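Next come two complexes, and both contain chain A; in the first it sits with chain B, in the second with chain C.
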Partner chain A sequence: MLAAEGGRPWTFYAFAAFFALFVLFLYGPMMVIYILSFQGPSGGMTFPLNGVSLHWFDALISQTRVGDIAGSFQRSIGLAVAAAIVTVVLSVVAALGFRRRFRGSAFAFYLAIASLIMPGLFVGLGIALTFRLLGLGTDWYTSGLGAQLTWTLPFGLLIMFAVLGRFNRSYEEAATDLGATSWQRLREVTLPMLLPGIIGVALFGFTLSYDEIARTALTAGSANTLPLEIWAMTTTVTSPALYAIGAVTTVVSFIVIGVALISIAVIQRRRTRGTGEPI
Partner chain B sequence: MAILDQTADESAATPGAGAEHIAVDAGGERASWFQITPLVVVLALFFGLPMLVVLAVSFFDFDRTDIVPAFILDNYVDLFRSEVTLRLYTSSIKFALIVWLVTLVLGFNIAYFLVFHVRTVLWQIALFLLCTVPFLTSNIIRMISWIPFLGRNGIFNQALMGSGVVDQPLEFLLFSDFAVIVAYVHLFTLFMVVPIFNSMARIDKSLLEAAHDAGASRFRAVAEIVLPLSKSGIALGSIFVVTLVMGDSFVVRTMSGGQSASVVSALQNEVAALQYPPAAASAVIMVIIVTLMVAGILRLVDVRKELAR
Partner chain C sequence: MLSETRNGEIKIVGVTKRFGDMAAVSDLNLTIPDKGYCCLLGPSGCGKTTILRMIAGHDTPTTGEIRIGGEAVTGLSPVQRGTAMMFQSYALFPHRSVLDNVAFSLKLRGSGKAERHRQARDLLAKVRMERFADRLPAQLSGGQQQRVALARALITNPRVLLLDEPLSALDEYLRLRMRGELRRVQKDLGITFIHVTHTQLEAIAVADLVVVMAQGRIEQAASAREIFTAPRNAYVARFMGGQNVLTGIVESVVDGHAIVAGDDGARLSIAVDKERLVKGSRLVGSIRRDRVSVSKAEDGATPSNEVNALLGEVHAIEYQGSYVKVTLRRPAGEEFVANVFDEDFFRDALDIGDRVHARWSARDVLILEDTHDAGEASMSEAAEALL
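Up next, the complex of A and B:
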């Protein structure tokens, strides 16, 4: 509508400027702490930079008072990988099941939505109390993983609904007409076509778990995950080491996001090239 | 770029096409249940059951070291008698309202820009990702990244003093309600952008052309076409933002420097003091209030077509 035949209306420029400001608002503060993480050894929590150094990154490893960064980092990565795998398998399978209308589908759907919007700390409190009443100890890989799944699974399900909403079922019908068994159809038609969406679910499963705090706080047991360790640091560490761990953890997130987006783009490009037609 | 074309197609295609037209048959129903059972079991064990436990524990008694199974109403009575309760709810609801308003205005305009002003789908996807990527990084890090900005000697104050706008650093920027709201808006605006973007993307652009041809101003077209047609997205985004703010304790603790509290941050203190039954009672009341708020939003707007599969 808006002047498709040429010049932009003035509102475009107003909106573009507004959008640019929003992006600055989103990224600006983050960029600042990445810069400040290279603060010199005598530098403080804000500008000016007193020299440039890797001192604060080194402090993460060498100074014991900043906490158990290496251990919590390993736990968080392990947890995120586990959460991503479980989320992909369970939510993809469940979303395929939801394509049919069946009795109880509304119940299952609203259970997932309720699980998504319930305040995370309440879920954690409930799990901690349940484990306590059952006489079980809480650990990051049992109660912690379960707590995170109440958050990553509904997300995975909603993403799969969006992916399946634009999935053309005639490809599946064609496979059946050509004599494919339902297993062949799933393995050779449905899953390959859904692969970009599935990678998206894995990305969300990983990063949502990797950064989760509210559900994990009461369920991780005695060993902290990385976000919990950082949360503890916000009250005890008043040096740029806090920014250094922020920079490190964000780099990990960016690598994961980058790998996921690039693999989706590669898959899409191959498909377009193979058929000349977008699927 | 097939994914991009698909996104473009989606706005034109009928939403949720294909899925629902399969006839219900007993075998299919069994297969569906088989497929969703693992997910339902996990959610029942780690969400359904724990929530029932919270409800049960809210009636328990407790002593200094342990919870004692009982059926007493003392936890609720104490909660309603305490003056602190009302103050905490006022504080939480105030934050929720302000953040809701700000994220709504931001989210609506950003979604509108992306859907109606950005012309190529490639740019649309790129700018959409630009908004989404921070969401996939740590909330805590994004929150503390405001500290060098808002502090007494922070960048904002340095800039204000440098340009001569103020000669004393502003004290209210960090560790205040202001800082809490800035952090909430920073963290949660995306939850408003995405649902509104989705519902706007489904609006038939020819409607706007028709309005334009009929002489409607741009503003009127937005008010009478875009706004009503993106209502379900707005409702969904509002549910996300309101529940996120009401359920938060970490942001309010850090960014207010302990000066402000929310219902959930007070609850967290009770948990730290091992007072589980009062914490559980507080959680139950909070869930009821948040459910009422969500139900209110759903009453105003039917979001089912947004969630329709």
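Up next, the complex of A and C:
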């Protein structure tokens, strides 16, 4: 079928319709949840709104009513920060190392990446079983962290590979040429230049960990992370407090993403425009 | 540290560099005199950058040795060698100001902030960039970035400066200006410059010593004038572009003059004094393009028996300012070019499609080395390299 003269092809309308559906499915239900989280104290879990209040946000803090939100939130943040740090350190070091091809480097790479296609629930199950066999207890900060790293590390590696693929070696050679030791070269040239990519890896590590369930479910031990706590509550809590949790956690995610994007933008701007007078 | 001696003579002794199965440089020998300006010239992939990187210490020869100031430098760092390199893309650190880029090397050596900034400002003044000290590299034009890169390399006080295609990122106008400036800086500092380029005119404009390379080998290393007016072989003659190359069979040798029957039908007479030419042997010769005169041929003219002349059809006319490049085509043989002084050309201007006689004198014909190794193979290789 041909488009009329000057009109758009039919594929434009097909994709536009698809995109509209996508946006509707993604944000529509979320908006409903955010709106309902401001439900009045006597309101229920569905429309109509019975007044507007912050009652259900207040309810989150009182542990007795809706479970251990504050505790699980702290654990999740701690876990996400730890996962981000370990992911950054290991993927930067590994990606730098992989620039020198060594025997079996391709195999090692695929071995690491393969964990992306492993079913997460079974990875978690396997890790939990192994810990039990070894006589170690499962805890969110031991087995839980390890299980999450099987998810965050391959992503971090892929990102760092892409970042380093575009990194011109001559910057490092210039540093060597000017007398830098390999340590000085790393600290003064390579790492500062890779910083935007490193922030990206940290962001990925944080957010992937922050809402991970499949691998964490069986490895977190007795204390729940936030997603696990919420998951449990969907069956037990029957008040708009659930929506309040959704609103709060989304805000946290947006803050993290915002901070990361702003810092990348600031770094890029300092490099292109700098502080000097305009040209 | 080795660079106590300021002697910047470089000797490359039997150096081969292999990457896997491919030899980028094969058994290369070259001496670059102290305080000289040397250009390594050749098409991409000829090994010129590999040589530069081995002198700098960024690559290690597979076999052979590199000596700077008489001492072998294998295993030494660039600073210990007393070399500094200016990278093709300049490789200025994007996260540091111009001043901090230049002062970087001093910072690494633990020099205090005030002291290193003072020295860096002095050098920036030398390249007339002190006004831009607080800018970031991305805020500078290509020419300005190059000056900063030069200052950054010079702050290590090297005895040898290595320049990897330093002018390739600049527009034509800046390129001409900067090459003059590089030459001036080299004279001022009195250190050895090694400059890699693929542009013939750039090389002969700046260098004392021009090294023409092809496929990991040196084809000729000589002064710019010699490379241009007396190429050693057909490859150099074709690559430098100032010569026409003709091949043929020696017909007779009489009175110190050889008569050669060209493969394309033209006949050459060549003055031979020390050359041992045998009747029936192959000869490869070259004729300077600017020593060829052209004149219109009358209608119906046929190739004559006249020596040092040929008949062709004008295929292209390119005005070059002080001369006009006239390209002739003939039924047999490669294109033949005459660079005609502009006044001579416009006295009786030619048109594309005109049939013309091209004439030259015996003393402007050079006998090339390929004559002796009857290099059919190397000739076609050279032609391929040019394409």
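Following the convention adopted for this analysis, the second predicted complex is superposed on the first by the 249 of 279 C-alpha atoms of A that agree within 3 Å, B and C clash if a C-alpha of one lies under 4 Å from a C-alpha of the other, contacts with A are read in each partner's own complex, and residues count from 1 in each chain.
Please note the rule applied: a contact is a pair of C-beta atoms (placed from the backbone, for glycine too) under 8 Å apart; a residue touches a chain by one contact, two chains touch by 3 or more.
Just so you know, these numbers come straight off a predicted model, no measurement behind them.
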item: Chain C versus chain B on the shared chain A, clash or fit after superposition; value: fit
item: Chain C versus chain B, contacts on chain A by residue; value: B
item: First, second, both or neither for A:Leu36, with chain B first and chain C second; value: first
item: First, second, both or neither for A:Arg103, with chain B first and chain C second; value: first
item: Which superposed partner A:Phe25 touches (first chain B, second chain C, both, neither); value: first
item: Touched partner set for A:Arg271, first chain B, second chain C, both or neither; value: both
item: Chain B versus chain C as contact partner of A:Asn168, first or second or both or neither; value: both
item: Closest Cα approach, chain C to chain B, once both complexes are overlaid on chain A (Å); value: 7
item: On chain A, positions contacted by chain B and by chain C; value: 168, 271-272, 279
item: Chain C contact footprint on chain A (complex, rising order); value: 168, 170-171, 173-181, 184, 188-189, 192-193, 195, 267, 270-276, 279
item: List of chain A residues in touch with chain B within their complex; value: 1-2, 4, 9, 11-12, 15-16, 18-19, 22-23, 25-30, 32-33, 36, 45-47, 86, 89-91, 93-94, 96-105, 108-109, 111-115, 117-123, 125-127, 129-130, 132-133, 146-147, 149-150, 153-154, 157, 161, 164-169, 196, 203-204, 207, 210-211, 213-214, 217-218, 227, 230-231, 234, 242-243, 246, 249-250, 253-254, 256-257, 261, 264-265, 268-269, 271-272, 278-279
item: Chain A partner contacts - residues on chain B that touch it in the complex; value: 1-3, 5-7, 9-10, 13, 15-20, 22, 24, 28-29, 31-36, 38-40, 42-51, 53-54, 57, 67, 106, 109-110, 112-114, 116-117, 119, 127, 129-131, 133-134, 136-142, 144-149, 151, 153-155, 158, 186, 189, 205-206, 208-209, 212, 218, 239-240, 243, 246-250, 254, 264, 267-268, 271, 276, 279-280, 283, 286-287, 290, 294, 307, 309
item: Chain C to chain A touching residues, read off their complex; value: 56, 58, 77-79, 83-85, 87-89, 91, 93-95, 97, 104-105, 107-109, 132, 134-136, 138-139, 152-153, 156
